[in-house]
Amino acid sequence: MIGHMSLPLKIVVFLLYLFLLAPVLVVVPLSFSADSFLVFPPESWGIRWYRAMFQHEGLMQALKVSLWLGAVVTVLSLLIGVPAAYALKRFEFPGRDFLMSVFTAPLLLPSIVLGLAILLVFVQMRLLGSYTGLVIAHLIVTTPYVIRIMATAFSTLPPFVEEAATMLGASPLTVFRRITLPLMMPGFIASAALSFLMSFDEVVISLFVTGPNVRTLPVEIFDYVESRTDPMTAAVSVALILATLLVIVVLERTLGFSKAVGK
Amino acid sequence: MTYSPALGPSAVVEADPAFLSLSSVGKIYPNGYKAVVDLDIDVPQGQMLGLLGPSGCGKTTTLRMIAGLVPNTAGHIRVGGQDVSREPPHRRDMGLVFQSYALFPHMTVAENVAFGLEMRGISRRDARDQIEEALEMVRLPGLGSRKPRELSGGQQQRVSLARALVIRPRILLLDEPLSNLDAKLRDEMRVEIREIQKRLKITTLFVTHDQVEALTMCDLVGVMHGGKLAQLGSPEDIYERPNSLFVAEFVGRTNKFPARITGRDKIAIGSETFSADTRGRLSGDAVATVRPHRIALTPDRDRGIVSNQTNAVRGRVLRVTYIGDVIQYDLDIGGQELKVEHHTLSSGPRHVEGEMLMCEWAPADMFVYGDEA
Amino acid sequence: EEITVMGYRGAFEENYVKAVIRPFEAAHPDIKVKYFGVQNAATSLGNMRAQKDAPAVNAVIYDLSVAKIASEEGLVEDIPLDKLPNYADLYDIGKDLDGKAIPLTYDTLSLIYNTRVYPTAPDSWEELWNKSNDGMVILPAQGGGDIQAILLTIVANRMAGEEDYKKNIRPGVEKLITVAPLVQTWEPKPDAYTLVADGTANISIGYNARSQFFFDSTEKRVSSVSPKEGTAAQINVISQIAKSPDAEATQTFINYAISPEAQANFAKAMFYAPTNSKTELDQETSARIPFTDPEKRKNLINVDWMAIGDLRETFLTAWRREIIPAGR
Amino acid sequence: MTAGVSARSTRWLILALLLPMAAVNLLAFILPMARLGMISLLESRAGGVLTDTFTLGNYISFFTDYFSYQLIWNSLVMSFIVTLGTLIAAYPIALFLHRVNPRWRNILFVITVSPLLVSSVVRTYGWMVILGNQGLVNGLLMQVGIVDSPIRLMNNTLGVYIGMIEILIPYMALALIAGFGRLDAVYEEAAATLGANAFVRFRRVILPLTMPGVLLGCLLVFVLAISSFITPKLLGGGRVFLLATEIYDQAVVQLAWTKAAATSVIVLVIFGLALALYSRQSRRYE
Amino acid sequence: MTYSPALGPSAVVEADPAFLSLSSVGKIYPNGYKAVVDLDIDVPQGQMLGLLGPSGCGKTTTLRMIAGLVPNTAGHIRVGGQDVSREPPHRRDMGLVFQSYALFPHMTVAENVAFGLEMRGISRRDARDQIEEALEMVRLPGLGSRKPRELSGGQQQRVSLARALVIRPRILLLDEPLSNLDAKLRDEMRVEIREIQKRLKITTLFVTHDQVEALTMCDLVGVMHGGKLAQLGSPEDIYERPNSLFVAEFVGRTNKFPARITGRDKIAIGSETFSADTRGRLSGDAVATVRPHRIALTPDRDRGIVSNQTNAVRGRVLRVTYIGDVIQYDLDIGGQELKVEHHTLSSGPRHVEGEMLMCEWAPADMFVYGDEA
């Protein structure tokens, strides 16, 4: 029948999923290797590298930095991005479309160029290797997502419900608090989740902006992978994948992940 | 053009003959578009006014100005004599039912209905009875704990009505409330809304582009056209005495002919002459109309004379269309096409293509307008 | 008082803190030393530039060639040599910048080999060209920008008969072009020592000090040798950063760092060759540091690190355009 | 809009709402881009020290160096092949997701895009494990006896292609899935009743209808590919010279900021061309 | 239930009385749902069959089986005597017009129309004339270079028709082609489609749930109900002689009463007795129907006797609803509600609430069914 799937397509898609998930799947058994260096399949098994991971000071420090950074960036992204999205969607003013493109441009810009450009400015402003610098650099990555998600959320707000509330006697503030805000909740959650994940995952720009005393987890892992290939990286990867899965599950439960990531 | 009760038989003088009163109300949108021009409408207390008109004629704009959702740029809107033009919408105390219902999707049915009461400082507990009563009124008792998305379109529409009514607004505004419902449900809701409105004696403005809705439900009908009020009157005023070709064509089906006025109450269509009220005009071009079902068809008795009692013209049947309840004949009367509609009969004569017939109608059923079209 | 020393991270940091900083702090209870680990010498330079006006770091351990740039940019202090009594005892190698960059460690470019493939140590660089190592050779080059690449070019140049790399490196480059097809990777991840140890490769170039560290940590799967054709040295120096506070304490530390005691401790821990001629090493340690062998030292190619800066572009270009592409 | 708010106070409100975003954007986007452009025009002394002298030298030395063209060529070829590869891989996935029943669609969608949430460093590491001489594939091949010495799957462009394609598939899939919204089975049915067989339906109906998604996905993946350097660095064996790896080396290893800035501007120009090509093509399919 | 020409007056015997022939066709969807059961339909060559029925009754499924878009799970579909049940859709040579038009959005109007010709190997150049001719036929000449989104709904509908017709398919299939159009456009398109169909003499299946469409446009009407064919016949067969309560209620408005058969062609509703064809039944419960416009209202002359000529019953007016063309009276006849509809007249008697009237109708207008409801 037309528009249905043939067996060859199903097989091809299965193989593609295998390919897509291969690098994620392969690190799981590897993380339980007890070998001193990377051999696959491992010659001995154990949780040695999980233990090593928790004892690795740099890694734990970087994890703390990344968690802190993710949290701060998430909160700030919403505080900055949501009002901007609201202004851009709810008011008509000259230059509106232009601002929308400028605010979301970093989304498309090659990160390596953006990273270098930020480095060049931050070195002058002494923001390099500082928490402030990292936060600002991450904000430029996360806020475009927030603006895009929230702009969509604002424009897909069911029509007239705000007016309906007004007609029932609600003042503008009450309308915002009782109608607009609750209806925006999925948008907020999606924005927050994406901001956190983007910040937690950001490596290119961080590589340019981090300094000796402020290192994020992905940068630390990148350095580690560059300088050592013992299976500890696998252990770290598995831990990260589990954490991500947790986020996905929580998201899926609360509002449907597909909605959060989809446009 | 203020409505005066003297004009129509069904207008009833109530406590306040102009409870909701629009005088010279106009709306120019920021882009310069004149959506509504110089509108004068009075709605007597407790009555229901239907605002009828084609798409884009300014019905919604008028209703939103009354609600305060868009500011009127000219004139005054008064409720009970008091000018509310500058009041913000949340202080106008009007109930508005949206075409799309606009139920709060994150609240239950009960919470939706309770919202307006809450805004009036009525505690949830005290409100409970009123909510249940409102839901009973719209025949949805016991559905309070559902979410709007768990209701059918018709049920949502009822909740929306209950939500607007529970606060006992001074004015009820309905913007095409039935247009998203299917035909059957629409019939039902028509009766229900009208009954509730009558029971609560609530002054109501009902916007629609469906003439059946306006004629069957309302005490008064206002026909709008291009931002202006074309005619205001009782349903029968509008249908039986349309004051313009626009109203005659928009409300009900009609035949339309180019005509010449040949004398006092005499017109000619092609070579045929007819009697009709020419409103004092004695000559000039005009347009004449007659409704298809007001035309009687009789065997051709060669009686093509114009009397004051009846108009008669000979016609040849071009087309016969059977539509079940109704049979439609298209006849050729001296080069013009005349549409005639009759209820079908199981027995009795049925005309056939090519048959010559006498078409007769009363002069009172023929309207003559200046050559507007 | 607390001073901050910036330097390489990883094993270097671990051992340096243990072998030098802790003993120093014990001997000078009034001075605390903090160690800042960074990725490489270039990172240090970047940090120094960024903090030019208000340095947060007092001293830096980095490469002599980078030190030259730093000194030209005025990023480092020229320490009066009388403040560093131990300076006089240092070997002459790497003293080019006087008080601006004090030689701290020497290391030599070595041949790194898998002990299972080579039960006895190969003693010639030519082993890299051995066809039986096809696909099993590692040359860490960082696109030719790495010091190891520069040193190997100089060594290859000598092998091809041209001693003066300042005059002409063509013979060396031509020679390297012929090794390229055998090379597995020019940028080993994580590093050559690991890959040779785990059998991914048979042979590589690398530093003696690190290979000794891996020799111990991989059950001797990887070892290194200083081949008979001779080799060249890499020099780490320590500089006091310009405008940094606590000059006195910093100089005290630097002087300690080049003392025989500190040099011996660090050599024992990491197998870097001491720069202080008075340093005394035990037999076992000494045996694992080719530099300490006078014979080998004689065969060392003298690299003019002050000139490398200007030559770097030439080296880099040759690697990128000729040597590495030849291996595809 | 609710009545009763004066135009003046609205203006201030808009300004207040936009200000924080504008500040961040200025600080981390506008200023950096301006500075990048400016620095690319500055002269630097040996070792990368900036001077105040303006010069076109960075561009001249870029364009007079044969190696630069090699870099551009390598980057373009790599990005092109990776884009094509992700398209070929993601298209069946997107088609499948479009057609599968909604119950499965959600979970499969999550699986498709979830790799996005796993750091690309981690995924590249996974590929090192799979593709290395001692890795999964070579291990299997040697155990089964198909080969007796490892075949080289990484430390070359092949490894970079494999890793990059896998890492960028989710982006392509996201764009395609969005683009598949226009594809309604009714069009395929209409084509069928007009006499089109399955192949013609794909070529004349499915493909053109999904073209906007294809173009968007290609733009996205191309841009991400041309600016990526982590995967090439980890899987390329030092053989793969790209504009992005060059920028990173120049900026972070060689500290030659003016050169890095000039190279970045070149990348921006290529990015702009890709964008222009995209908007021209996408207009054709609107 | 095969249609036999003898049953209806308007069925014309053509070249092939069963050009499109469905015999025992059935469809069970993969989920086990029986959408169509044992369907027998023959459409004579060149005629138009309207498939009428409520939502979900299996109309679309039937049409899609004929087109080959879903496989039939039972029976045979024949075109010109040849079984096409196993042919893929692209080889069945049928034109299908979708409710949503399904114009290819990425092609111009001309490209849309050309598509089917291309599939038949006709070069673009050769196709040009045919395309222009097809567009002229649907009255859209010169719009070939537009994109579908630049057209109004009615224009899109026409393009869709042109696209299906240009390939001169053996069978034309239309799935509610008018349901997305507004009332005015729908009227126009009705006439146009029928005219084109007649001109091209193309055997056509027209799916709709709108009785007016089916009755006015088609030579034959099939009424479906729950996957089965309830009745097949000419429009008048269906309306004037519905063979089941379902058909009587679904096609046209009707009054419905619980009744008892009291003798040959005699029934009782409450305490009143009436004449009606009981089809030979002499006793038992039944349901009786009579259409609202077939009832005459006369002043109460106390003539409550049943004659064979007419049924008469006395009623009290409960409600009067004025709808412009029509006036609707709800009367109480001994506890039952009777709806009566008449065309309005400008003059003459108008009944009022509470008035007692005599309601009369011919026995032929009253139908009696087994107690199905």
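Order as written gives the chain letters A, B, C, D and E; numbering starts at 1 within each chain.
Note that in this section a residue touches a chain if its C-beta (ideal position, glycine included) is under 8 Å from a C-beta of that chain, and two chains touch if they have at least 3 such contacts.
Values in this document were obtained by computation on a predicted structure and should not be read as measured data.
Hop across touching chains from chain C and tell me the fewest hops that reach chain E.
So the least number of steps between the two chains is 2.
Please report how far chain B has to rotate so that its Cα atoms sit on those of chain E, a copy of the same sequence, as a value between 0 and 180° in steps of 5.
A turn of 180 degrees brings the C-alpha atoms of chain B onto chain E.
Looking at contacts between chains, which pair has the highest count of C-beta pairs?
The chain pair with the largest number of C-beta contacts is A-D.
What whole-Å value do you get for the distance between chain A and chain B if each is reduced to the mean of its CA atoms?
Centre-to-centre distance between chain A and chain B: 56 Å.
For chain B versus chain D, what separation do you get between their C-alpha means, in angstrom?
59
Averaged over CA atoms, how far is the centre of chain B from the centre of chain E? Could you give it in whole Å?
29
Please tell me the distance, in whole Å, between the geometric centres of chain C and chain D computed from their C-alpha atoms.
The computed centroid separation for chain C versus chain D comes out at 38 Å.
Which residues does chain B have that touch at least 2 chains other than itself?
In chain B, 69, 88-89 touch at least two other chains.
What positions in chain D touch 2 or more of the other chains?
Within chain D, residues 2, 128, 132, 134, 189, 192, 233-234, 252 contact more than one other chain.
Pull out every residue in chain C that's touching 2 or more other chains.
Residues 43, 49, 189, 198.
Can you check the complex and tell me which residues of chain A touch chain B?
Chain A reaches chain B through residues 158-161, 163-172, 174, 178-179, 182-183, 185.
Going by the contact rule at the top, pick out the chain A residues touching chain D in the complex.
Its residues touching chain D are 2-5, 9-10, 12-13, 16-17, 19-27, 30, 38-41, 79-81, 83-84, 86-88, 90-91, 93, 99, 102-103, 105-106, 108-114, 116-121, 124, 136-137, 139-140, 143, 147, 163, 166, 172, 197, 201, 203-204, 207-208, 218, 221-222, 225-226, 229, 233-234, 236-237, 240-241, 244-245, 247-248, 252, 256-258, 261-263.
Quick check on the complex: what are the chain E residues that touch chain D?
67-69, 88-96, 98, 100, 102-107, 115-116, 119-120, 163-164, 167, 173
Quick one: which bits of chain C touch chain A in the complex? Just the residue numbers, please.
My answer: residues 6, 10, 36-39, 43, 47, 49-50, 189-191, 194, 197-198, 217-218.
If we count contacts the way the header does, which residues on chain C are in touch with chain D in the complex?
40, 42-43, 45-46, 49, 69, 72-73, 135, 140-143, 145, 184-187, 189, 198-201, 309-310, 317, 320-321, 324, 327-328
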